[in-house]
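Read through the structures below before going on.
Two complexes are shown next, each including chain A; its partner changes from chain B in the first to chain C in the second.
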Partner chain A sequence: MTDIDYVTTYGIPLVLLILSPFIGGLLTGIDRKVTARIQNRRGPPIIQPFYDTIKLFGKEDKIVNKTYLVFGAAYLMTVVFSLILLLFRYDLLITTFIFGLSFIFLVLAGYSTRSQFGYVGATRELMQMLTYEPILLLVVFLIRLVTGSFEIGSIYSAAQPLLYTLPLALLAIFVILPIKARKSPFDIADAHQEIAQGPETEYSGKYLGLLYITHFFELFFILWFIGLFFVQNIAARLALMGIAYVFLIVIDNVTARLRVDQMLKQVFIVGMILLIINLIYIIATGRWIPA
Partner chain B sequence: MSLSELSRKKSPWVLHVGTGGCNGCDLEILACLTPRYDVSRFGVMSTGNPKQADVMLVVGPVTLKYKEIIKNLYDQMPDPKVVIAVGTCASTGGIYQGCYAHCGSLDKVIPVDVYVPGCNVRPEAVIDGLVLALDILNEKERKILEEKKTKAKGAA
Partner chain C sequence: MDGSLLLLLLTLVPALFGIVCYLVPGYETKKYVIIFCALVLTIASLLILYGGAFNLAIESISLAGTSISISSIILVLDYLLLLVFLWFGIKDKEYKAVVLVILQLIPLTYFDFFMTKSSGAGANTFVIDQLSIVMCLIISIIGSLILIYSIGYMKGDKRISPFFLIMMVFLGDMNALVFANDLVWMFFFWEVTTLCSFLLIRHYHDDISIKASDRALWMNLLGGVSMICGIVLIQYGYHTTYLSDLIRTVSSGGLVSFLPLGAIALPFALLAFGAFTKSALMPFNSWLTGAMVAPTPVSALLHSSTMVNAGVYLLIRIAPLVLGTYVSTIIAVIGGFSFMFCALLAMSQTDSKRILAYSTISYLGLIAMCTGINTGLAVTAAVALLVFHAVSKGLLFLCVGKVAHDTNSRDIESMEGLVARMPLVAYIMVIGLISLMAPPFGIFVGKWLAFQSVSTFNQISLSLVDIFFIVFGSIFSVFYYSRWAGKLLATKTFEEPKREHHDWYMELPLVVLMLGVFISVALTTYFFDNLISLPTVYGTQPSQLVLGQISLQSTIGGFSPLGFLIIFMIIILVPWIAIRVPKSAITRTYSCGTGEEPELGGGYFQSMIGESVIFRYLYPIAILLLIALFAAVLI
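So, the complex of A and B:
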């Protein structure tokens, strides 16, 4: 390969990487606006998350200890790193693992502060990881089965969009979507009515602002991951991402928070059944590519 | 107005503290969040966490048991911060004035910037107080910065 297309391999991912916090922030603002409209309120302006973040950077920092700041920074780094791997079409398995690692850093940040809210929040965060990580990994394995490789590039060069071969796996991702986006019914870890802000309780000032930016990156990562299910057509891909986001907002507004054990049971059972049916479908129709 | 001052004005996060009154003003504050008086238009977010709050809404007379707690909460809030005394009880003591288990009023415990009188307060009055507090927030930050400058000069 001597004539690499520099624009699509490096240019577009780089632009997206730079824009991703802004896109994530705007999406968060749209979420707040839509939520308000659903509740018949006027709601904050769409650029409200940016006001919040800039304000946080102008505030005094109340620091408890240095450890949790390091873990917070590691959380930001790993999320950005996993987004880089995803955008530049690296190995999907490694991308997923590093994205999982970011949650671990958040959990450690929660444990390293001596706050009971941080403790409870970190424990719940771990339980949430326990719930969504196996399903996400199994989805990645299914993607490997139909494309023949863990490389994200092979998804792009596949004959069919993943949506046609793995429709139920996409549904399983929709089930775990609120966990990753920290939305109701699975906003157990930072249930701010019960446990302040969960692992983020002790953060304040610009360190909280950094966490906010991390959440913007995270949101973009999640939506881009869903976009992988239809990479052949840009319009269909954006539509898929839009549907996922609208689904996220609506579900957030119409459901109440579940308990940890309810979440574990429901997500595991529904997700695993969907994945097993999809696996049977792939094997029965002979769409899988052996190693 | 600089960007940080504008955004400080646009996103006040509120810590709502009830110090043991009759809960009448609490309900009126909650009414501010409803569609009729939606305060989230101004970017107000109700947070239960003093470390992330800018504005402290104190409701009710400060009982002796609550004195330490409210001082602690005030110290945990990062600068710049504004305290609003909501209701007659928090402003002056109200009908609890002279009661044995009571500090008198909120400003005897922590510095208060805005008083919102009324028994109960009306949601409009609470919103007025909040908007008034936003200007004070920026003024306070300017003062803090000036103090820092004079300190740096003194050190040099």
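So, the complex of A and C:
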């Protein structure tokens, strides 16, 4: 393709990037509403997350030290950066690593508060990272096998949607989804009833507001990543993202929090079995593209 | 500048400086000799870089009118060296070493006196190609910095004179090792590194160090046995021991042998075995972790610029010779196995030097894995990782040494909140730690290339397990490095910062190496363009990866180290400058109203992944893999 289609290469990603925190916020609001209805409560209006965030920016700061604020801001910027990479179709492997870097920043922020909750939370965050990153990287590897490249663009130009070749890899992503969205049963690092929001305990005022915004971006990133499994059809893609989100809410409401070791074992066993079966499937049917 | 003069400056002159330094009295005088030596080494290595690749044919040296061939000097020294090992083995009652020395003597004697060798007149005895230059830069520059650092660190030590002598001989010898083209010469230099590391590990002469040094000795001698056998077989099969000729002979398939066709790779499997012992890959890891009893500059030298690099250097050299064989596949699996499980072991450690030791083995495993995958991309990754790892690991060892020197503790639990007590060293250490795990730093570039190369294959084979090794190994390293970096940053809220004790001999190398971490990433594309050149059998060159000056683009993915470095700096520095913390806003951490700041720690899972728990399973597997290496020859 010699002349670049400016609208799809730059226009739509840019619009999505600007909209993403609002979409993420709205989805969070919907989540709270649905959860409340499931629990037979009335629930807040769906734009409540925005009210909360805006209110935080007017609050007084209570700060422990500077380091964790710097890492908190770095966390926000890294998530935004990885979302930019994802939307503008950069290398998928790099995008995944940069998204992982954001968690490293959050962990460093948690440790550097030297609060008991921050410390425990950061350690748990690392354990969670230990759990989901291998699965995610292996999924990226499988995507490379069926599309022939790590470039996101090659997913778009592939003949078949990823869903047809990697159905079990998608299931594996569903398994790690609650970890990335900080939802039950894997909201272990946050665990607000237990360790008071973990690495985020010491944030207050506008810095907590920034973290809220980061979570909006994060949510959008995750759903968009899942959308990559069906890029050929916009309706199917949106449906896939919707199913993932409904799945997330339902699972959040019907499960209780697990311990770290339970999470590690269960996710590894289930995720690895799914991925290996999928790997065998694509190798056996010759659907992989050699170098 | 004349090539042979440069060669002299990089190999023999450091040793001469060492002797001068040994002889001159007084710490002040020694100091200047050491600084001068460091300067000479650095400048000579930069001149080699500037001059580019060249070959030299020096076969003899003229001494007082008579010309003596270097080969015969090396022959004599070889025997002397083995006698020294024998003496130490008997003295320490380390009979494993004695047996191994005798096992070396037999093939060596056979090789020297009973094998017919072609005269090889006019052959290039020293080949200084891109890989040698890169190695020479690592050895000379990082080695020099470690020398300068030692001036501060070793002050007041009882055995300074032999210490610096051996350090300098070591550096010169390593340079000779990477320049040598003849495998026989290389074998000699190889054995000298064994001797130097042996002597340096037993520097303190207490029971633990003597024991550790003996273990290092016999493990490295085992590698030596394997290597000399490999060399004998190479001479037997290919009638040459010159690396540059070997590449030609092997690629044209000129093996004359009564052995089955697969045995073509046997000598190289033996060489690879030698490389594994030197690089301390599993199951030989215990000598390197044991070597932690030595003074920290020694650890830094062994881990970043010399010793262990010799092993992976040899692996990179023989990689094109085993292209497409099963031996190559098994090398990848052995490397990957060490990468993953040593990273796991590092997670269970609290001693900072042991963490670094395991992480060194783990990264060497990664490099070995890349050489085993053996595609153009993978070997590029191996060379890149070698360089970036040397810079970062040298930096971290020197940091740990400084901290241990000032606080008398190597435990990472006691490093909590170090940024308040020793800001300069602690922040440099955090940068060093981040540079070993996170994008966009050098190790990441290497890992990214390695990840790409493991996911690029034409047929399904055993190498599919490599992908699991690299994924889990990377995550494990992220785990222990971030925990450590987090510890350093965890300051108490109302703690009064103490004055830092500065010693510029120790801190200047730290600052230089920290800048080196950034500069090496920024120059990645230049480095790929000019300093890595692969043998033609791979069909690709790293310079083809470079796209438009600042980014790397392979057929399956792209990345721009410099661009991402700039973004990374923005991500950290903008908040650092923008965020203002007013004094009035500072509060204590939330503690549920108890007002206490409890002791924090733990999370090492020693009951699950401690050394004693998992070595039981790892050693048998590692030994089986080594057996598989030789079994692969027969397939």
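We adopt the following convention: the second predicted complex is superposed on the first by the 289 of 291 C-alpha atoms of A that agree within 3 Å, B and C clash if a C-alpha of one lies under 4 Å from a C-alpha of the other, contacts with A are read in each partner's own complex, and residues count from 1 in each chain.
Methods note: a residue touches a chain if its C-beta (ideal position, glycine included) is under 8 Å from a C-beta of that chain, and two chains touch if they have at least 3 such contacts.
The structure displayed is predicted, hence computed values, not measured ones.
Asks: Going by the contact rule set out at the top, does A:70 touch chain B (first), chain C (second), both, or neither?
Replies: second
Asks: Counting only touches as set out at the top, which of chain B and chain C does A:201 meet: first, second, both, neither?
Replies: The answer is both, since A:201 touches chain B and chain C.
Asks: Looking at chain A, which partner touches more of its residues: chain C or chain B?
Replies: After superposition, C is the partner touching more of chain A.
Asks: Once the shared chain is lined up, is A:51 touching chain B (first), chain C (second), both, or neither of them?
Replies: After superposition on chain A, A:51 lies in contact with chain B alone.
Asks: Where does A:36 make contact in the superposed view: on chain B (first), on chain C (second), on both, or on neither?
Replies: A:36: touches chain B, not chain C.
Asks: Determine, under the contact definition given at the top, whether A:192 touches first (chain B), second (chain C), both, or neither.
Replies: Touch partner of A:192: chain B, not chain C.
Asks: For A:62, decide between first (touching chain B), second (touching chain C), both and neither.
Replies: In the superposition, A:62 touches chain B and chain C alike.
Asks: Which residues would you name on chain A as touching chain B in one complex and chain C in the other?
Replies: Shared contact residues on chain A (touching chain B in one complex, chain C in the other): 60-62, 196, 201-202.
Asks: Please name which positions on chain A make contact with chain C in the complex.
Replies: Residue list for chain A touching chain C: 60-67, 69-70, 72-74, 77-78, 81, 90-94, 97-98, 100-101, 104, 107-108, 110-119, 122-123, 126, 129-130, 133-134, 137-138, 141, 144-145, 148-151, 196, 201-202, 279, 283, 290-291.
Asks: Hey, which residues of chain C end up touching chain A in the complex?
Replies: Against chain A, chain C makes touches at 375, 416-417, 419, 434, 437-439, 444, 448, 451-452, 455-460, 464, 467-468, 471-472, 474-476, 478-479, 482-483, 485-487, 489-493, 555-559, 567, 570-572, 574-576, 578-579, 581-582, 585-592, 597-598, 600, 603.
Asks: Where on chain B does chain A make contact in their complex?
Replies: Chain B reaches chain A through residues 3-4, 6-8, 10-11, 13, 34-35, 38, 40-43, 45, 47-49, 51-52, 54, 76, 78-80, 141.
Asks: Can you tell me which positions in chain A touch chain B when the two form their complex?
Replies: Contact set of chain A toward chain B: 32, 36, 39-45, 48, 50-55, 57-62, 192-193, 196-197, 201-205, 208.
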